[in-house]
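Order as written gives the chain letters A, B and C; numbering starts at 1 within each chain.
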Amino acid sequence: MQDIIKVTGLTKKFDRFPAVNELSFSVQEGDVYGFLGQNGAGKSTTIRMLLTLIAPTKGEIELFGKKLQGNKHEVLSQIGAVIEKPDVYKYLSAYENLKLFAKLSDKKITHQQLMDQLEMVGLAQRAKDKVKTFSQGMKQRLGIAIALVHDPKLIILDEPTNGLDPQGIADIRNLILHLSRDRNKTIVVSSHLLTEIEHVATKVLIIDRGRKLVEGTAAELFDPSQTIIELDTFDNASGLAKLQSSRWNTMLQPSREGLIVVKLDKKDTPALNRYLVENGIEILSLQPRHSLEDYFLQITSGKQHVEAFTN
Amino acid sequence: MKIFFRIALVLLTACSIQLKAISQDMMPLIKKVKEKLDKVNDYTASGTMKTDVAFIKAPLGKVTVYYKKPNKFKLKKDGGISILPKGGVTVTMNNILNEKDFIAISAGKQMIGSFMTTVVKLVPTSDKSDVVLSTLYIDETDNVIRKAQTTTKENGTYEIEMSYGKYLAYGLPDKMTFSFNTKDYKMPKGVTLDFGDEDKAKKEAAKAKKGKIEITYSSYTINKGVDDSVFSK
Amino acid sequence: MWKLLQIELFKIYRRPRTYIAFGAITAMIAIIQLGLKVDGKEYMEFVMADLGSTFSFEGNLLNGYFVCFVLLNLLLIHVPLLISLIAADMISGEANMGTLRLLLTKPISRTEFILAKFFASAIYTLTLLIWLAVLALFVSIAVFGTDDMFVMKNYYAVQISADDVFWRYVGAFGFAALAMITVAALGFFLSLFAENSIGPIVATISVIIVTTILSTMSIPLFNAIKPYLFTTHMVTWKEFFDEKVDAENNVIKGTIENPDRIITSVIVLSLHIVAFVGASIWVFKKKDVLS
């Protein structure tokens, strides 16, 4: 399986501030690769470096088995990108915009192909209308049409759901799944919205403050068979002490807001429940927490921010 | 007593006779020149005109000159702009000589080029005349005026110098040079919008005091009739 | 590169803002021509006041050639401003609109991109100047007729025969085109450093105004740098309207008094253009696109 993207030791410093710090990862053919991180973690900067918008301070980028440096032309003609919210020329029509950007790719694109592309994103009716009359969702769809018009092998989406309504977000999700499963495209999608990545990604990279925290398959990272439970009891301190001296000890997670947190296999939940009852730990509430969100906050600096807010 | 009065009377008479004699002396000459000029009722002449002023660069122009007795004169440039001294080059010999009342005074002789001329000063007697004084340099051999200096009330002092050739018999010149005084040329930069470097040589030339108009006549068509409409502006 | 140039020209001519400049020039010229047509006599009397006391002029002094000369003089500051509107927005406008980041993910070389954009703004400048020429020269001739041209400089006046004028205007407009392209190159360069439209436009205009002031004031302190300022050389188009005279002060038709000045200015302006564009390429190649 070819490495579509291979990044080694990537670093970018803005005035000595390292926005990306010794980042290494690889994306294989067919992956839906999720970049996860808070705002300012370095996702956009990394993506822009892949797309030659920003020059790395250090490190190597290989795309399609070739070094990016020196093969820009070849490499970029096989990539389609939507970077943040898609901005096009408002004083031109949808068709004119699509044609303009299509012309810049190395392939010859016919009028029919352009119309087909607009049809695919549901804009064929509005082809001749000026983009300044478009809604955000329509501009998004146009952006996608532009990214796909030259049938690229690799599609990079940087925060594609920004500013979209739930329908728009669902559309993006479906699109990614379609492109991956039906059209065999390799996709890199970055977001700070965990739920979105969780639904589509086959592999995930979590970045925090420019560094890689975790890289792995979705299955490895968010095991749906596991769950995290937050317990609120009459006496959390003694309850915690009891659990610490039991077999449940290894599954204990750091307390949050004074609550007892346990990470365990879903199927063990009844057993925990029984243990608590048998040992006189009186339960006020028992809440399963969304695994990925917690995991994410746990391992990134987000936790500190949240704690700072609540304290 | 009687003798004293007699002598005085004789002397006075002698003086007046003398004065009259002096002016009478010049009048025949003036008359001869005028007669010659009067032979021409009208003419149409073509020639080239050059405006020669140190601070003006002007191209040579083709001109047509019209004249009709006694004092209709028109200088027309064939296309283009003509730059002439104020008052125009219309003050011709005839204007000067047409003064009905003037006193002609002899002022000796002078060489103009290779020609000997008699210098005659004309002073108009009437106050209404624009001319204050005219000095004519008359060539007695051909009865033509070779040079004239005129001081006017309105238009300053100018000088006309003429050289003759083919049309000497009519008293019409081949070349006429009209000299006049000029003011310093100075234009504010706000008007010219010219912010270039100062050229010292040009700056000095702008202070030139004199200018010339030279008309070189190539041909005259004489006494063939000229329509009056030509002279209306 | 041709493909890129086509696209850039397409963008320029489809954008409504482009036509502001054409409209503005039309309005300004129309107003001046109207004013001169109505009050021409008074204007000529004012301008000729000094000479008029010694000389009388006959002929059509206020003719199309003269009016065009007046127009070119008056529009000296205005046309560069209008050119900045487009040129100084070439890169910053894309950044502002957000399209720059999408353009540069396409397989196009940054050098070609910058050159295509610059040539497009140069072509725009040329069309603006052609429009200016049509209005200032041809319409003036239609309205005011033709005759010899009478130009007054600081220390002397020049009369050019009517049949000796037209080629001078060809030269003058050609030179003006070069001068305006220099302005465009400056604006273009400055537009690399901002992500909004206003900043580079104001910067370009400020540079032009300040250097024009330095160029036109006769202060010894400024004289040393004057020859290197492009605004000093932008006015050399006027040298087309000066003639040589021979020893007898006769005008030699078809000549220019100081052709060396024209050549020098052409070289200086061309060097400025090469410098601005070269610097633009260098800066752009290294630029991180954050917009």
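Convention: contacts are C-beta pairs under 8 Å (C-beta built on N, C-alpha and C of every residue); 3 or more make two chains touch, one makes a residue touch a chain.
What you see is a predicted model; the values in this text were computed from it and never measured.
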Check: Taking each chain's centre as the average of its Cα atoms, which chain lies closest to the overall Cα centroid?
Finding: C
Margin query: So using the touch definition from the top, which pair is joined by more C-beta contacts, A-C or B-C?
Written below: B-C
Checklist line | Where chain A and chain B are represented by their mean Cα positions, the distance between them in whole Å | finding: 102
Checklist line | Where chain A and chain C are represented by their mean Cα positions, the distance between them in whole Å | finding: 52
Item checked: chain B and chain C, separation of their C-alpha mean positions in angstrom -> 50
Next item on the list: Spell out the residues on chain A that touch chain C in their complex, using ranges where they run on.
Entry: 48, 51-55, 72-77, 79, 81, 83, 85-92, 96, 100-101, 103-106, 146
Check: Considering the complex alone, what residue numbers of chain C touch chain A?
Finding: 3-4, 7, 10-11, 14-16, 97-99, 101-109, 286, 288-290
Margin query: Going by the contact rule set out above, which residues of chain C touch chain B in the complex?
Written below: 47, 50-61, 73, 76, 147-148, 150, 152-162, 164, 215-216, 218, 235, 238, 242-243, 245, 248-251, 253
Notebook entry, point to check: Residues of chain B touching chain C in their complex?
Noted result: 50, 52-60, 77, 79-88, 180-183, 185-187, 189, 191-196, 198-199, 202-203, 205-206, 211
